[in-house]
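Consider the two complexes below, in which subunit A is the common component and subunit B and subunit C are the respective partners.
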Partner chain A sequence: MRAAPALTVAVFLLPIAAGLVGTLLPAFGYLPAIGGSAFNLDGWRRLASYPGFRSSVAVTLTTGVVTSVLAVFVAFGFCAIAHGLGWMRRIGGWLAPILAAPHSAIAIGLAFLIAPSGWIVRALSPWLTGWTVPPDVATVGDAAGFALVLGLLLKEVPYLVLMIVGAMSQVPVQQHLAIARSLGYASTESWVKTILPQIYPQIRLPIYAVIAFSLSVVDVALILGPSNPPTLAVLAVRWFADADIQFYFPAAAAATLLLLLVVAVIAAWFGVERIAIGLGRRWIARGRRRSGVTFGASVAAGAFGIVFALSLAALVGMALWSFAVQWRFPDALPQAWSLANWMRRLDGLAVPAWQTLLIGAMATAIALVLVVGCLENEARARRRPGAGALWMLYVPLLVPQVAFLFGAQVLLVRANFDGTLAAVVWAHLIFVLPYLFLSLADPWRAFDPRYARTAASLGASPARVLFAIKLPILLRPVLIACAVAFAVSVGQYLATLFAGNGRVATLTTDAVTLAGGADRRVIGAYSLLQALFPLLAYLFAAALPALLFARRRGLAATP
Partner chain B sequence: MRLFGVLLLLAGMGFGAAAQAQDLKWNEVVAKARGQTVNWNAWAGDEKTNAFIAWVGEEVGRRYGIKVNHVKLKDTAESVARVVAERAAGRNSDGTVDLIWINGPNFLAMKQQSLLFGPFTHVLPNFAYVDTARKRSNLIDFTIPVDGFESPWRMAQIVFVYDSKRVQQMPGSAVELLAWAKKNPGRLTHPSVRNFLGATFLKQALYELAPDPSVLQTPATDEKFAAVTTPLWAWYEQLLPALWRQGRQFPENGPAQRQLLNDAEIDLMISFNPAEAAVSIDAGLLPDSVRTLVFAKGTIGNTSFVAIPYNAASKEGAMVVADFLLEPATQARAQDFRQMGNFTVLDLSKVSPEARKRFDDLPKSPALPTNAELGTTLLEPHPSWMTRIAAEWEKRYTK
Partner chain C sequence: MNRGAFAPLRLDAVRIGVGGRALILPLTFDVAPGECVTVMGPSGCGKSTLLAFISGTIDPAFVVTGRVLIGATDITAMAPEARRVGMQFQDDLLFPHLSVGENLAFALRPHVRDRTERRARIEHALAEADLAGFARRDPATLSGGQRARVALMRTLLAEPDVLLLDEPFNKLDAQLRGDFRRFVFDHAAERGLPTLLVTHDATDARAAGGRVIDLAWPLSR
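Up next, the complex of A and B:
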C-alpha cells in the first residue's frame, strides 16, 4: 500500500516526462530528427505571424470560458431544483447513453440536427418554411463558436451532474435541508446555501477538467467549431499532421501556448472562487429567505432539459442514419430503410470490439488499483501527498494529446515496446488514471472516518476495513469512477494510434478513419457501437449498488 | 537514369541492403516474400477502397502466401510521421510500415529525406504494361521524377459532379464557373485550400487564367508567383461572395463536400475521381440524378502510387503487392465502378486481348464519363505552387 503513490508516479513519470519534453523542446526549436538543433524562437514567431492567430486565441478562450461557466451554472442549477425528485436517484441511468457516446458521435449528431440541411429544418420543411433547398446560414462551424459551445455543453453538463450526484452521497443532504427549510428557506435556496458550498470542493477537480477539456478539445472543434481560423488545439493538430515536417515547431509552440492558456484560466477560476467564497459567505449570512436563486435555477433546469433533449435527438438521428438507405433533404425521415449497413459492419467488428473491451477493462482495473492504493495510503498516513507529485497526474488532461504523444511514441519505439497491446493499455492508463482519480478522490476523502475508527476499535485490520467497510459504502462512487474511466479508454483515439503504431485497432480508431469518408450511415453505426460498451458500464454502475444493497437502506439510498 | 538512381541510393541511404535493389531477380523476390506480412498503410475513409484492399489481401495471400494488413490511416502524413519517428529512434530495419499509398507532397517529403526503398519498379514484371507515354503522371509525380521509388496503381483526374435536376447550364471553364456561381449564389463551394482537392480547384483555375501555363511546371519563386497568380486572385475575389456560406466556411475535404451535395446544400462540386458520380450513386452517397462534367480545355490529372519505406520489414512482400496491383485483371477490377471506379494506369494497347476485353466489358453508367469525354489531362504543377497557393489563400482569407 505504501508503494502505491510511488508506483503511480513511476508509471506516469516516464511518458509524461517524454511527452513534455516532446512538446517543450520543439517549441523552442530543438528537434534533431528533423534538423532543429539550436534553441530559437522561430516556432513562436511563425505561430504569431499566422494570419488568424489572434482570432484563433480569442475564439479558443471565449468558447472555453463560456462553456465552462455555462456548464457549471446549468449543472448546479439543475441539481438545485431537481435534487429531491424521485427519479434523480437513477439519474446515472438516464444520463448513461449520453455519457457513454463518444464526443465525436454527439458532435456529429448535433451537427446533423442543427445544420441548415439538418433534421430540425427537414422536419419543418417545406410545409412550414417553404424551403426546398437549405438556407445559406452558418449554424454549424460559425466563426463565433456557438455551435462548438453547444456541442461541448451536451457532454459536459451530464458529466458535472453525475459528479454532483456522486458528491451529494457523501454529505448528509436530507438533514441539512430539513433544518434550512424549517428556517423558512425555499427548497432550492436551501440546497444552494447549504449543500452547494459543502460539495463544491469535491466538484472543483472535475470543473478544472472541464475547463481544460473545453480549451483543448480537438474532435468536437473539428466538427462543430470554426475552421478559418480554428481553435488553437485544432491548429496545433493540423500543423503536427502537416506533410511539411518543419511545421512541427509552430505546432509545438501552439501546444505550449494552449497549455499556458489552460493553466491561466484555471488560475483565474481559482481566483474567482476565492472572491466568490468571500462574497458568498456574506450573502448566506444575510439570511434573505428569497432571492433570485430559484429563478436562476429554473432557467438552468430548463437549459438542462434542452441539452438533454438535444443529446438524445442527436443520438437518435445518428441511429436512424445507420438504418437508412438514402435520406435526402427535405424528407423528415429516410425514404428507405435497410439492415445492409449493419450487416456490412459485422465483418470488421469482432477484433476491434474485443480489443476495445480488453484494453478498457485492463486500463480501468490497473488504474483503480493504483488510485485506491494512493488514496488509502493517504488516508492511513493521515496526510495529503505533496501537491507536486499529484499535479503530475493532471498533466495528461492539460497538455494537448498530439504534442504529448509524439514524445511518448519515440520512447516506445526505442524500447521496442510499440505496437503491442500492453503499450496501448499503458498509453490509455495515462489518460484513464487522472479521470478515475478525480472522480473518486473527493468522495473517498469525504468518507466519514468514524466508520473506520469504529471498525478498528472492534478489532478489524486496515485491510479488513478497506474491503469490508470502505469499499461497500463507497461502491457507487467507485463504480461511477470506473464507468467514467472505461468510457475515457473506449474514446481514446490518438493514444491507441501512437502506442499501437497502427497495429492495434479499436472501435474508435476504425470509426475515426471511416468518418473521413463522411458517410453518415457508417458514422451512425459506429457511434452506436462505440457507445455500447461504456453504456453497459454506466448502467452497471447505476444498477449494481441498488441490487447489491437492496436490503441495506442506508447504502442504497441517495439523498 | 539508372546510374543516377544508384548514386542517389548509395549517397542518400548507405544502409547496404537498399543497394541490392538493383540486382534483385523476380523469382527470388517472390520466394523471399512467401510468409511475410505486409503492413499496407492506406487512407481508409472510403469503404469501397477498403474492400478492394481487403480483396487484394485475399488474392496475394492465396497466390503468394503473403498476409496483407491494411493499416487504416486518416491521413497519409501519419505514415510519414511514423517512419520519421522510427528513424529518430534509430530503427533502420524491421520497420512497422511496409507499403504506403502515397503521392505528391508526401512523396516529395519522403524522397527528399531519403526515407524510401528503391528504385524497385524495374524489378516488377507488370510494370511493363504501365502507360508511360500518354499518362506522363506515371513517371512524374507533381513534377518530381519518380525514378522508380514508387509504383503507380490508380489514376485521378479533376471532374465536376453536379445534380442534373438543379443545374441546367453546365459551366465548361473557370470563367463560366464564375458566371454560374453569380447566378446561383451559395450553391458552389470547394474544400479548404489546405486540402489537396481544394488546392487543385485553384490550380485548375490557374491553368486557365495564367498568362503562360507552362511556367507552372517549374518551381515557383516569389516574383513568378505574384505575377502569375494575379488574374487568379482577381477571379477568386469575385467568386468568393457567391460561394456557399459567402466563402467564410469551407468543407474540410472531398467527402465532406460530397455530403453537402447529398444534403442539397450545394449543386456542384469538384472531384478527383472521374467515376465519383457513378460510384457514389451505387453506394447511396449521392442521388441518382448526379452527372459528371469536364472542362473543355482539359483538367488536371495525377497518379496515386505505392511506395516502400527504407526500413520496411517486408520489402519483398511489398514489391509483390505492388506488382499485383499492376496486373491487368486487378486494374480492370479497380476500374469497375461497383468495386472502386478508378481509371487504370495501364496502356491498354500493351496488354493481352483477353485483358483488353475485361476493360471493354466493364459496366457503364450515365454518370460515368468515357475516356473520350475526359479529354486532355493536364500535368500537375510543381508542388511549390500548391504550397504557395495554400499559404496565400490562408493569408488572404483567414481573418
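Up next, the complex of A and C:
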C-alpha cells in the first residue's frame, strides 16, 4: 500500500519524461537508430522550409486559442444564467451522453451534420434553399478551421460546465447569492461577481487542459480540420508515419514546436488572468448593480443551447446513417431502414469492438488498483498531498500527446514491445489514471473516517475495512470513476496508434481511419458503437448500486 | 427607487405552507421605523422561511399568500435585488475573494461615483465598526466579532429600507454576543430602520427591546 504513490507516478510520469526526451533528441538531430548521431538543426530547417509552415502554425494557434476562449466564455456564461434553475442539479445526467462519447465520434457526427450534403442542408432543401444537389462549399475541413473549432467546442464546453458545477458544490453558493441580491445585485450579476471569482482557482487546471488539448488534438483535426496545410499536430503525425524515416527529424521538431506553443499560450493565459483579476477587483469595488454582464451571459447561454443541440443531433444523425438503406440528397430522412449495415459489418466490427472493450477494461482495472492504493495510503497516513500532486496528475493532460508518444514509441520499439495489446493498455493508462484519480479523490476524501474507526474498533483488519466497509459504501463513486476511465480509454486515438504501431485496431482508430471514406452508413456504425460503449458503462455504473442497494435508502438515492 | 427613510415594514396576512401543511398561519403586523420586532419559535417553525419570503429568496417549494409592503409600496412580487431589504445571517458570509474594503465597496451604492469619496465612505464605516485601517485586510484574518461587524456595515452601506436579522448572534460567544447585539441595535435605531429579528434565544429578544411575536403558540393550538 505504501508503494502505491511511487508506483503510480512511475507508471504515468516516467513514460512521459522518457517520451519527451525521445522526441527532443531527434528534434535536434540525434537518433542513432536511423543514422542521426550528431546534434544539428536540420529537422528545424526542414520544418521551416515546409511550404505551409506559417499557415500551419497560424491555424494551430488561432483554432486553439479561439476554442479555449469561446469554451470558457460559453461555459461560465451559461452557468451564470442557469445556476439557479432546478434542472441544473441534474445537468451532469443531461451531459453524460456527450461527455461519454469520444471526441472523434462527436466530430464524425458533426461532419455528417454540417457537410454540404449533411443533415442540416438536407433538412432545409429544397424547400428553403432550392438546392437539389449539395452546394460546392467546404464546410468541413475549411482552411480557417471553423469546423475544427466547432467540433472541439461540442466536447470542451460540457466538460467545463461539469467542472464548474463540481466546483460550486464546494462554496456556499445559495447564501452568498442571497447576500449579493439583498445588496441589490441581480442574479447573473451576483454570480459573476461573487461565485465565479471563488471557483475560478478550481477551474484553472481544467482550462489549461482545454488549451493544451485544443492546440494539440489530432483525431478531431484529422476529421474536421484543414488538410493542406494541416494543424501542427497533424503535420507531425503525418511525418512520423511517413515511409521515409528521414521525416522523423522534422516531425520531432514539429512536435517540439507544438510543446513550446502550448507552454507559451498557457503562460499568456496566466498573464491575462493576473491582469483580469486586478481589473475585476476594481470593477467589483465600483459597486455598479447593472452592467453588460447579463447580456454577455445570455449570449453565452444561447450559444450553449446551440452547442448542446448540435452534439445531440450529431449523435442521432450517426445512428440514422447506420440504419439507413439509402439516403438520397436532399431527403430529410432515409428512404428505408434496415439492420443490413450492421449485419454485413459484424465481422469487421467484432474484432475492434472486442479489443476496445478488453483494453478499456484492463486499463481501468489497473488504474483503479493504483488509485485506490494511493487514496488509501493517503487516508491511513492522514496526510493530504499538496498542490504539486494535482499538477502532476494534470501533466498527461497538459503535455501535447504527439510530443511524448513518439518518443515513447521509439522506446517501445527498442524494447521490442511495440504493437502488443499490453503496450496499448500501458499507453492508455497514462491518460486513464489521472481521470480516474480526479473523479474518485473527492468522494474518497469525503468518506467519514468514523466508519473505518468503528469497524477497526470492532476488530476488523485494515484490509477488511477497505473491502467490507469502504468500497461498498463508496461503490457508486467508484463505478462512476471507472466509467469515466473506460470512456477515456475508448476515446484514445493517438496513444492506440503509436503504442499499437498501427497493428492494434480499436473502434476509435478504425472510425477515424474510415472517416475520410465515402460510405457514411459504415462510418455511422463504427462511430455510433464508439459512442455507445462509454454510455453503456455510465448506465451500468448508475444502475448497479441502485439495484444492489435498493433496500438501503442511505445508499441507493440517485445523486 | 428609494422609498424614503422612515417607512414601516408591513406584513399583510402572510401565510406560508409546504406540502399542504401550514407552516405559518396568517400573520399581520407592522414594524415601525426604528423599532425592532422579534419573531421567536423553535427550529423548524418557519421563522427563517418568513425572512426568506420578505427578502425574496424563498424556495419555490413553499406556497405563500399575503403581501409584504414597505410604506405604501408592495414589494411581494419584486426581485430580491430591487427590494432594499438588508439581511444579516448567523454566518458573516464575507466574500473570501475580496478584501475587507472590497466587501464594503461591493455593497456601497454606485451613485457614490468619485473614487476618493467611495474610499472615504468605506473608511468611515470601518471606523464606526472600530476597524479603522482594516480595508486591505483579508477577511479570513479577522476575528469572529470583527467579521460580524464588517458584515453588518456591508449590509448598511447598501442603504436598505428594512433590516432582517436571521439569528445573527448565534455563533458568537457570550461576551461578544452582548457587544455585537448592542452594535446592531444601535445602528438600526440610529438609521431609523424597521428591524425584524428572528431568534430562539429569549435574551436576544429582551435585548431587542421591542414586541415579541411567538410563532410556537398558534401551532400548539
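Convention: the second predicted complex is superposed on the first by the 376 of 559 C-alpha atoms of A that agree within 3 Å, B and C clash if a C-alpha of one lies under 4 Å from a C-alpha of the other, contacts with A are read in each partner's own complex, and residues count from 1 in each chain.
Here is the rule we use: a contact is a pair of C-beta atoms (placed from the backbone, for glycine too) under 8 Å apart; a residue touches a chain by one contact, two chains touch by 3 or more.
Given the structure is predicted, the values throughout are model-derived calculations rather than measurements.
Legend: residue contacts after superposition of the two complexes on their common chain; A:Phe73 is shown touching neither subunit B nor subunit C. Once the two complexes are laid over each other on the shared chain, residue contacts for A:Ile179 go to subunit C alone; subunit B is not touched.
In the superposed model, A:Lys193 makes contact with subunit C only, not with subunit B. More residues of subunit A are in touch with B than with the other of subunit B and subunit C.
By the touch criterion defined above, A:Tyr30 lies against neither subunit B nor subunit C after alignment on the C-alpha atoms of chain A. Contacts of A:Phe549 after superposition on the shared chain: neither subunit B nor subunit C is touched. In the superposed model, A:Trp342 lies in contact with neither subunit B nor subunit C.
When both complexes are overlaid on chain A, the residue A:Asp519 reaches subunit B alone and has no touch with subunit C. Of the residues of subunit A, not a single one touches subunit B in one of the two structures and subunit C in the other. Touching subunit A in their complex are the following residues of subunit B: 39, 41, 43-47, 69, 71-78, 80-82, 84-91, 96-97, 105-106, 109, 113, 166, 185-187, 192, 194, 244-246, 248-250, 252-253, 255-256, 258-260, 262-265, 283-285, 287, 387, 394-399.
Listing the residues of subunit A that touch subunit B in their complex gives 32-34, 50-52, 55, 115-117, 133-134, 136, 138, 141-143, 222, 226-229, 238, 240-245, 325-326, 328-330, 344, 406, 409-410, 413-414, 418-419, 497, 501-503, 505, 509-510, 512-522.
Put simply, subunit C touches subunit A in their complex at residues 52, 55-57, 79-87, 89, 91, 93, 95-98, 101-102, 105-110, 112, 118, 154-155, 158, 160. Across the interface of their complex, subunit C is touched by residues 172, 175-176, 178-187, 190, 193-194, 197-198, 281, 284-289 of subunit A.
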